[in-house]
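Take a look at the structures below.
Here come two complexes built around chain A, the first alongside chain B, the second alongside chain C.
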Partner chain A sequence: MARYSKLRNWLSLLEGPQTWGRGRVFWAGFLLVVAAASAYPLFADGYDVGNNVYFFNWTFMALGLCLIWGYGGALSFGQTAFFGVAGYAYGILTINFGDAYGFTLIALLAAVGIAALLAAVLGYFLFFGRISGVFLGIVTLSVTLVLERFMAQTAGPEWRIGSARLNGFNGMGSMPSLTIPWPGGDIVLFPDVALYYVTLGLLVLVYLGLRILVNSRFGNVLVAIRENPERAEMLGYDIRKYQLGMFLIGSALAGLSGVLYTSWGNYITPSSMGMTAAALPIVWVAVGGRSDLTATLLGTLLVLACFQALTIYGSQYALVVMGILLVLTVLLVPKGVVLGLASLASRLFSRGKQGATSP
Partner chain B sequence: MSILETRDLHKWFGGLHVIDNVSLALEPGEIHCLIGPNGAGKSTLFRLILGEHDPTSGGIFYEDQEITREKAFERIRRGISVKFQVPGIFKGLSVRQNLRIALQHHRTPAELNDEIDRLLEFLKLTSAQGQTAGNLSHGQKQWLEIGMAIALKPKLLLLDEPTAGMTPDETFATGEMVQALNRDGVTVLAVEHDMAFVRQIAQRVTVLHFGRVFAQGTIDEIVANDEVASIYLGEAAAHA
Partner chain C sequence: MTLLFEAFTFLYQAGDAFAFLVLSACGLAVIFGMMGVINLAHGEFILCGAYVSASTARMGLPLPLAILCGALVAGVIGMIVERVIIRPLYQRPLDTIVATWGISMIATQGTLILLGSTMPGTGTPFGSFTVGAYSYSIYRLVLMGAALATLLGLWLIFTRTRFGLLARATIQVPHMAESLGVNTSLIYSLTFGLGAALAGLAGGLYAPTMTLVPTMGSAFVVEAFVTVVVGGADIFLGTAPAAAILGVIKAALTSWQGQLFGQIGLLVAVIIVIRILPRGISGWILRERT
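Moving on, here comes the complex of A and B:
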């Protein structure tokens, strides 16, 4: 009974002051979207479905940044560092130890754990050293660029860990895909329908889990630190611990993206930690609306889809358009496009309801 | 036993001697006002007591335990609470959410909402609870921050110019709030410029001048002190 009420308390945190969307209408919409996403493979070619998993792979990193930047108020430029570290870790582990007995899943956990460990060390120096604002951005950006430079010079044959060659700028390839051990034969998650469902399921879990997190006591303190760190501390909170926790979770999610991406394409390259790559999560999250998980998720998928279309038709100019999009968003809708549209819609809606009485 | 004591406190900022041998003892249950001209070191003394600055030498004691090297949040957890000069609220969050964050530390979810409602009523902010805190009037922001400070159920409340920018009516209402808290046993140390407000609430007054304790006593003794009047009160007393 006590356990049941505890569970209910947790579930009640799915809605709260820190997340957009509540009530039956929202959750009906949510179920509808999940149902549509689940039904999509029934109507599409398996090859396309597998390709489109690409979009989901990035969303974890975006949601992690949303937590760190949107909720915690700390602009981390280093999501790609954890993405890359986890991707390479997954590659090194699975190339050496293979994919039998569900080892790829252990490698996934270990790779995310390694990224989290790096985040713990870096975060300790950042937050217990009281580094904030633009300096936090500079340090995290430096970390990802240093990692990129380092991996780029590992082309020689001496750069190997066990049987895994790091391969410098050519990137590391031919690691096995994630594999689920199954009685009738292992399920190998090639970019196909099975991988699509696994990734979608993970995304739904992470999204709901983060909703609970940001509406919990922990999340309340995070937004308090974003709004006024001095006041938060003067309420008796050790804000450094909260910031470290947030950084750890957000960075681990970037690591999860890294593993999923590496397993999906059987490939990881140093440029995944480069300048351009590091800027993209900032664009996704800022354009969507960094202060809300749902806005970030929708915005990320939207921007990725646009970017993909642009790359097909505009090749190199796609990045320029991304830059322009970021600048326009910051200037015109600083809250983000999705949140801006949502508030516009609700204003129109309430004006329609109130009719002439509204000023 | 005093609730808070500073012993031979010194603070240098480079070549500037901002706090010069300040020994101050607060009796439990009193309302003590700290006054002095601009630059006398009042705010610095506050920040030393809170742990936002480290003293150059000297010690700070809370209930006879040394807290000189403790972090700010550790001192808060001991029972010290503060209201800043510029309203230190969470501007982007609702009034209710501001109070929730201040209260959640100490209470179970069931009690939390009741406690928020009670506090809203005390602060006269019940009708504004859904508003974004940044949109409140200046006086309401000050009250909200006082509310967050007292939500911690402190034994010692530090108020840095709590009535700055308030109308006379708001100032008087704030004085009544402070006195109500004091009747419940809260010790108060307030930095204040408004002499009418000091008269309303102060039981003891310390005058700080060039970082030193210049005079100490009841408000009547301080007003009667010609030296104090010459450095500070002359102008203010004429208005009072």
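Moving on, here comes the complex of A and C:
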């Protein structure tokens, strides 16, 4: 009985002051979206479905950045560093040890763990040194750029770990895809319908998990730190530990994106960490609306779809458009496009109501 | 005698690293110290200076004039950017980083689209001289001189001119300066322009020594960030000593393990330094003084 009430307490945190959306209408909409996303492979070609998993791969990194930046108020430019580290770690582990007996799943956990470990070390120096504001951004960006340059020069044959060549700027390839051990033949998650469902399931889990996290005590303290670090500290919270925890979780999510991307394309390059790549998560989260998980998720998918559509005309043009989008968002709708539209809609709606009631 | 040559080599390398750090960081430091804004488009102002000075030099302008031309163009663009994009964001420092990053993306990719993936440069002038078994580029010595001259020039600007006086007043208490009749928004605009011009100067000075590609700015930014983080907000008490210390570290690591490890070592040093001195060298010096 006690266990049930505990579970109910957890589930009640799915709604709360830190997340947009509550009540029957919202959750009915949520179920509808999930059902539509689940039904999509029934109407589409397996090849297209596999390609579209690409969009989901990035959302974990965006949600992680939303936690760090939107809820914690710390601007980290290092998401792609953890993305790259986890991607390379997955490649090195699976190339060396193969994909039998579900090892790819262990490699997934290990790679995310390695990214989290790196985040813990970096986060320790940053948050316990009380680095905040703009410095946090430029130190994390420096780490990312140096890591990219380091991986780019590993072309020579001396750069190998076990049987995995790092291959410098050309990137590392031919690592196995994620494989689920199954009685009567392993399920290899090639970019196809099976991978789509696994990634979708993971995304729903992470989204709901993060909703619970930010509405829990931990999330409330994070928001208190974002609003006023001194006040949070005076109230007796060791803000450094909370910030470190948030950085760890956000970076591990970036690592998860890295592993999923690497196993999806069987490929990872140093440029996935570079200056341009590092800017993209910022664009998704800023444009979507960094202060809410749902807005970030929708915004990320929206911007990715725009980007994909524009890439037909050349990726340089698409990146210029992304830059313009970023500048315009910051200047005109600092809350983000999705949240801005939502508040505009609710204002129009309530004004309409008022107009109806007043004679 | 060989020991002497070794010592000269090390001094030359440390001086070279010092010049690179000072020149690439001072534009960023001027803007940060003044307004607390980190200009992530810093690398693109360097790019602008390099491209303008290289193209004017190839059109026949003498190199020093071409470099000044690059600095001037970067400065003017900087003032325009400040007026249009940075000014509405002064109350939101984190958003200025994001906005300037957007500018950086636009500038890099725009250059790639408009001018192609490389641009022909000018050769390194002045040739070289020999000490012991090695030969050294004379132009590198010019760069060291230019770094010192830039620091001296900035010191003169900030202590001996009316602009410098008003700028320092604006740094200390902006509202007071404003109520005493200082046009602070003009000061901010000029300071941003000065920072951008210094970035352009760095680009112009280093243009003869590198290949000109649209992403060349990112070769400078890590060093510039690191120097500003270690230095803190004050350019003379922070950036200059930080560049000197980091220059020695970088030269030692570079001669030991190569260029990349110089950079990695620099970054590790910085991450450790911020754990001990969160407000940088200048913050530490100023705290000791009071």
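Heads up, the rule we're going with is that the second predicted complex is superposed on the first by the 353 of 359 C-alpha atoms of A that agree within 3 Å, B and C clash if a C-alpha of one lies under 4 Å from a C-alpha of the other, contacts with A are read in each partner's own complex, and residues count from 1 in each chain.
Here, contacts are C-beta pairs under 8 Å (C-beta built on N, C-alpha and C of every residue); 3 or more make two chains touch, one makes a residue touch a chain.
In this text, all values refer to a predicted model and were calculated from it rather than measured experimentally.
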{"item": "Contacts of A:230 with chain B and chain C, given as first, second, both or neither", "value": "first"}
{"item": "Touching partner for A:316 - first (chain B), second (chain C), both, neither", "value": "second"}
{"item": "Touched chain A residues, chain B compared with chain C", "value": "C"}
{"item": "Which superposed partner A:146 touches (first chain B, second chain C, both, neither)", "value": "second"}
{"item": "Contacts of A:158 with chain B and chain C, given as first, second, both or neither", "value": "neither"}
{"item": "Chain A contact footprint on chain C (complex, rising order)", "value": "32, 36-38, 40, 85, 88-89, 92-95, 97-99, 101-106, 108-110, 112-113, 215, 218, 221-222, 225-226, 228-229, 260, 263-264, 267, 270-272, 274-276, 278"}
{"item": "Contact set on chain B toward chain A in their complex", "value": "50, 52, 71-73, 76-77, 81-82, 84, 88-94, 97, 100-102, 104-105, 109, 145, 148-149, 151-152"}
{"item": "Contacting residues of chain A [partner chain B, same complex]", "value": "9, 17, 217, 220-221, 223-224, 226-228, 230-239"}
{"item": "List of chain A residues in touch with chain C within their complex", "value": "75, 122, 125-126, 128-131, 133-135, 137-139, 141-143, 145-146, 149-150, 153, 274-276, 279, 282-283, 286, 314, 316-317, 319-320, 322-327, 330-331, 334"}
